[in-house]
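Going by the order they are written in, the chains are A, B, C, D and E; count residues from 1 in each one.
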Amino acid sequence: ADAPVIGLITKTETNPFFVTMKEGAVAEAKKLGAKLVATAGKADGDNAGQVTALENLVAAGAKTILIAPNNAQAIVPAIKKARASGVMVIALDSPTDPVDVVDALFATDNYKAGELIGQYAKAAMAGKKPVIAMLDLLPGHPVGAQRHNGFLKGFGLPTLEAHSNELARPPEVVCMADSFGDRTKGQTAMENCLQKNPDINLLYSINEPAAAGAHKALKAAGKEKNILIVAVDGGCAGIADVDRGVIAATSQQYPLRMAAMGVAAGVEYAKTGKKASGYTDTGVTLIAAKPQAGVDSQDVKTGASLCWGKK
Amino acid sequence: MPSITFRRPPQVTLATLGPFIALILACAFFASQSERFLSAQNFSLILQQVMVVAVIAIGQTLVILTAGIDLSCGMVMALGSIVMTKMAASHDLSAPLAIACGIAVTVLFGLVNGLLVTKIALPPFIVTLGTMNIAFAITQLYSDAQTITDIPEGMTLLGGTFVLGQTAIVWGAVLMLALYLIVWFALRETAPGRHVYAVGNNPEATRLTGIATDRVLLGVYMLAGLFYGIAALLSVARTGAGDPNAGQTENLDAISAVVLGGTSLFGGRGMILGTLVGALIVGVFRNGLTLMGVSSVYQILVTGILVILAVATDQLSRQGVR
Amino acid sequence: MPSITFRRPPQVTLATLGPFIALILACAFFASQSERFLSAQNFSLILQQVMVVAVIAIGQTLVILTAGIDLSCGMVMALGSIVMTKMAASHDLSAPLAIACGIAVTVLFGLVNGLLVTKIALPPFIVTLGTMNIAFAITQLYSDAQTITDIPEGMTLLGGTFVLGQTAIVWGAVLMLALYLIVWFALRETAPGRHVYAVGNNPEATRLTGIATDRVLLGVYMLAGLFYGIAALLSVARTGAGDPNAGQTENLDAISAVVLGGTSLFGGRGMILGTLVGALIVGVFRNGLTLMGVSSVYQILVTGILVILAVATDQLSRQGVR
Amino acid sequence: MDAFAPAHTVHAAAGAAPVLQAKGLVKRYGQVIALDGADFELRAGEILAVIGDNGAGKSSLIKVLSGAIMPDAGEILLDGQRIQFKSPIDARKAGIETVYQDLAVAPAMTIAENLFLGRELLRPGIRGSLLRMLDKKKMRAASAARLAELKVGIHSMTQAVETLSGGQRQCVAVARAAAFARHVVIMDEPTAALGVKEGRMVLELICRVRDQGLPVILISHNMPYVFEVADRIHIARLGRRAAVVQPKKISMSDTVAVMTGAMPASELPPECLA
Amino acid sequence: MDAFAPAHTVHAAAGAAPVLQAKGLVKRYGQVIALDGADFELRAGEILAVIGDNGAGKSSLIKVLSGAIMPDAGEILLDGQRIQFKSPIDARKAGIETVYQDLAVAPAMTIAENLFLGRELLRPGIRGSLLRMLDKKKMRAASAARLAELKVGIHSMTQAVETLSGGQRQCVAVARAAAFARHVVIMDEPTAALGVKEGRMVLELICRVRDQGLPVILISHNMPYVFEVADRIHIARLGRRAAVVQPKKISMSDTVAVMTGAMPASELPPECLA
């Protein structure tokens, strides 16, 4: 028989996180003898592109579609339609809303990822008065909001609930800027934040590339020593930055694991007709070079060996 | 006098056919590559996928025909969809009323664009760059960056289908095609339609012949707003939600459809049906390449090459004919 | 004969000053809002933040002066930075050699754009839409979408600073300003520079006067590629990395800088120094609004309004003078 | 003076105010002064030629009269009423039609479309009044008839104007103005690009228009043509009106001498003046 | 026939081949046939006038001769050598300069820039040869001198051409062609928009060019001008050459009759033909 076709729809084409996810899926599909067709939204937040991709994959004969939804709610009708035609749909990375419109969910809890680095930062600041800068993703992006608000929760500042799409802004946060998760824009944002308040001593970054850009800005201003940087992601480059002391701690997530699990479920479905179900938290792990008392963390070596779920 | 009577210089016919030939070539190619491509149902799917951009591109075509450009189209569309869904969801307006509110907002944006372009004589690029940002910000603020899903039945009617032969066709696609026919007719057969071409072709001459060019421009920008409003409705009907992150790539997509369809960015020359073909070309590439199992990075690569090839073939064949 | 000798019609002077006045107004506004704004160091920072886009915008200005447009600029820049960093990191080339490779690739893209525009007479919009996608895809494939950080010292020299008074200034910003001066000089004082204007102003007349318009266009696209290559180097020097995600918003940013700077999208009219001012306006807005503590959605809103206001003030003041 | 319209202009409304009059028009472009206090007077039923060196301000003058540009100073009177044209639309509404020197055509549009631009013929009934549908066939036929009058050999009215020869284009502009004027016709060098035959046809057309009672302003550098058809000649010089002369009573060489500044207008015998 | 250049063209190279010759030129635009097998012959040191109705194919003919368009059929000989102009650059290189009917100027650029477009004067030394730096002052001075020759009252050479009056623009184009020609000058209606004074200056210029030994092709609808300066007259009709006549031996009315088709060329007495 023909190799089963499995479709993968990531959020964007360029985010290393999703590129890794795609590579994991391709490798797993090759191993299990399936054909993987990978597509993506055109930009972060692009729902229409994902709907189109979903429809085209169904038309292309995919029996399983793995999707990292750009918009938890707006994608729902398209998923329902795909499932109605007998396709198994699995959400990766982040849930749909409601959760149960997909057959199964393999994802990171982004709010929790934020919480972990918040707790770590709280401990590491050791009672010092925090002057916080936050480099967020882009306006209106749920992942950005969840990590942001989770971080504040972990740090013990007033915040918003996990499902909120707004960014809480307690007075300790002196500067908030959008980095688009991008190195260059992170650098520019940090430069302007430093100009606004040179005394910033704690930096939250949406991901590691933005943190690396911010670090460059700090270094240029000669301030990289007096600041604590925390981020989310746990990519291999990010872990290396933790090792170098650029980033103090990061919440590591596991896109390769998500992808592999998704592909395996797809092959299983093709072979046996048995669908995957339920929520599998693929986990987040706090990786820090210097552990803090009262906060569970793994060291850099563990982090590097696991980066993004590498086996 | 060395001239012979003829109805229409042959160049015009070819310029019009050009994009169409490119579309046919693309279809032939994909049909040869995937047996799933050539089915009524697949074409219905493609129509449905391009309907939002295609309707936006109608407005964009009108603006470009007047030698303008509208960068705000996608964001204004997103704002329209947020306004109409939020009016229904949060303020309990009935579907028709909520839709009217949404469209009113998009037309208002068209009015603002038009006033700035005509009364202060600002370049359309700058004006719509500004209103693009404004529309985006208002969308985010008004929606709290939340997707609005709790919308009444009446608002998604256009997303419903009817069956023709064995193919399910979305009502929205029919509306889109109908809009193209209406605009095609209006541009070709009515006085205001010809004035749109005249303004783009030679604004000064048009002013001197006593046409109120400002009024034509204002009308065009408002009409464009209307089409963005209709596109907003189609987008709500298609996704069943008001999405504050929609519309971000639609301006480049719509302008590309217009230019691929053979309309000149310098105004005054072009065909509205070309725009439909231009929008379809993009949709066909995306669909066909996915059916072939091409992954998306390669899809982007191939799309880049095919866009150039398609237009180049057209151009070279025309030079050959000359 | 009712004409009096004069050197330069006053309109030209005003058109040139217009964007500059808008920049001054914006600076005055931000200075009144934040005491941190008006410092040499802050201006050095802004220069540094805009240098990449500003250098891309030089190439874009040249293309737009010939009545073209280059959508591929940002992606070609990203490709250039990936090629040069990867050549150094993975293939152990020395910094100068690796840089040369990167720039060779961007110039090659310029050559391709130029050949398609001149030899097949395709619209620049379509050509560069295609090469934009192609450059993007190659960037992703060649870099595996991974940021390249392991780069030699020699490649980031332009990111270093020197101190003037008490202000640290980045070498790259100096290079950027130098490039503007050179291009300003070339466009104004040399024969090839005037030919660029002539081609954009009236291509047919220029061809008839015996200028090889195709060669001028080809040269412009290749030069633009060169500037994208230099921008790539600046971006590597600034961020210390080869970033495959770079360049996605640069085409709109660069075109905006050109248009804000007073250059006509219809070609043949404009000033390169206006483009620098246009790029600075955008950088000043972003910096000033962050200093004021305006959150990002409101920043976008305010930017939208200010862009329109800035150009409108300029336009209205000019009408008043008339 | 107004009371004495030239005897051979049969339709001159006796004793009426001038149809179109202007006083002290000034128009500056930067430091260039195109109009420097120009006066102007057009009487009922006459052909008034306007002549002058290149750059004397003739085109600027008629652009002010047709609403295409706004003067910096001066006043315009139509039928003795002070008016202010804010745009060419106002002038059109007042029945003034103009052939501009640079022709003012939409090059990519067809001949028929250009002829009827802004004044399209609509279908009868609701299709015209509500849908504003064009009666293309009728416009094509009417255009063909108009151009045939000028003996210009263009057969297809659906040809784009940009594909026409220089003279053919000019015929389109002339035909348009002549067809729609109701009050005054202004022609800025209507015969410049025309061949001998076509030029004569335009002259005939101008006389026909005058004979129908419409006054015509004719700007031309072609002295034989001017002396053949003009009732009076307005000589423009350095942005002003140097003199208005009677072509029947002055020699061509004297006229040219005044025009080029070789002879001051004050030296002309008073009976030459009009 | 070639051996006998008209006696009064002192510079005619005796017995030489025609300077520029064309045989059987055909040019079609869609279904419009602009040139329908046209022949052409320009002799050394002469002014050859080309006349014809609007749309007779005059501009198309000279566009072919100047490399602006490529003919569909036919051949061109320069000094007896078969040549093929692929672009206007080739024609320029061969020393042929042309004033096009639609003037071919860059409107936003200054007068001096337009005059020297493509042939800019460069600074002496390395600044010119390497940097290609313009000698703007010299170009301004040279432009002013050229335009003064035409007695056109433009004083500022840094004025944009789009701000000039119709006639002033034409003077710029004429001055450019006359200044740079080394082999043949082609002028398509150079006096159409010119005033009496400026028109005469252009005629004088044309004669001066001829007297310097360069042959001139003059397209004009102005019969008095044509008969005043032309050595021979090429009559174009319906895309062909109807006849070439001797202005000294034929009346203006006969010429016009042939041109408009009122009289067949075959009825002309043979001594009129050239």
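Following the convention adopted for this analysis, a contact is a pair of C-beta atoms (placed from the backbone, for glycine too) under 8 Å apart; a residue touches a chain by one contact, two chains touch by 3 or more.
Keep in mind it's a predicted model, so treat the numbers as computed, not measured.
Colleague: If you take the chains that touch chain A and keep only those that also touch chain B, what is left?
Modeller: Chains touching both chain A and chain B: C.
Colleague: Could you pull out the chain whose C-alpha mean position is farthest off from that of chain E?
Modeller: Farthest chain from chain E, going by C-alpha centroids: A.
Colleague: When the C-alpha atoms of chain C and chain E are each averaged to a single point, how far apart are the two points in Å?
Modeller: Taking the average C-alpha coordinate of chain C and of chain E, the gap between them is 44 Å.
Colleague: Averaging only over C-alpha atoms, locate the centres of chain B and chain E and give their separation in whole Å.
Modeller: 49
Colleague: Could you state the distance in Å from the CA-based centre of chain B to that of chain C?
Modeller: About 29 Å, centre to centre.
Colleague: Would you mind listing the residues of chain C that make contact with two or more other chains?
Modeller: 1, 3-4, 6, 9, 140, 297, 300
Colleague: List, in ascending order, every residue of chain E touching at least 2 other chains.
Modeller: In chain E, residues 29, 32, 53, 55-56, 153-154, 159, 163 touch at least two other chains, as defined above.
Colleague: Residue numbers in chain A touching 2 or more other chains?
Modeller: Answer for chain A, listing residues that touch two or more other chains: 13, 43, 139.
Colleague: Of all residues in chain A, which touch chain C in the complex?
Modeller: Against chain C, chain A makes touches at 13-16, 19, 23, 43, 136, 138-139, 167, 169, 175-178, 181-184, 187-189, 191-193, 195-196, 209, 212-213, 216, 220, 237.
Colleague: Considering only the defined contacts, which chain C positions touch chain A in the complex?
Modeller: Within the complex, chain C contacts chain A at residues 34, 36, 42, 45, 48-49, 52, 140, 144-147, 149, 161, 168, 235, 238-241, 243-246, 248, 286-287, 290-291, 293, 295-297, 300.
Colleague: Residues of chain B touching chain D in their complex?
Modeller: The touching residues are 1, 3-9, 189-192, 194-195, 197-198, 201-202, 204-212, 268-269.
Colleague: Okay, in this complex, where on chain E does chain C touch?
Modeller: Chain E reaches chain C through residues 66, 68, 87-89, 91-93, 98, 100, 103-109, 113, 117-120, 122, 131-134, 136, 153-156, 158-160, 163, 176.
Colleague: Quick one: in the complex, what on chain B touches chain C?
Modeller: Within the complex, chain B touches chain C at residues 67, 69, 71, 116, 120-123, 125-127, 129-134, 136-138, 140-141, 252, 255-256, 259-260, 264-266, 297-298, 300-301, 303-305, 307-308, 311-312, 315-316, 319.
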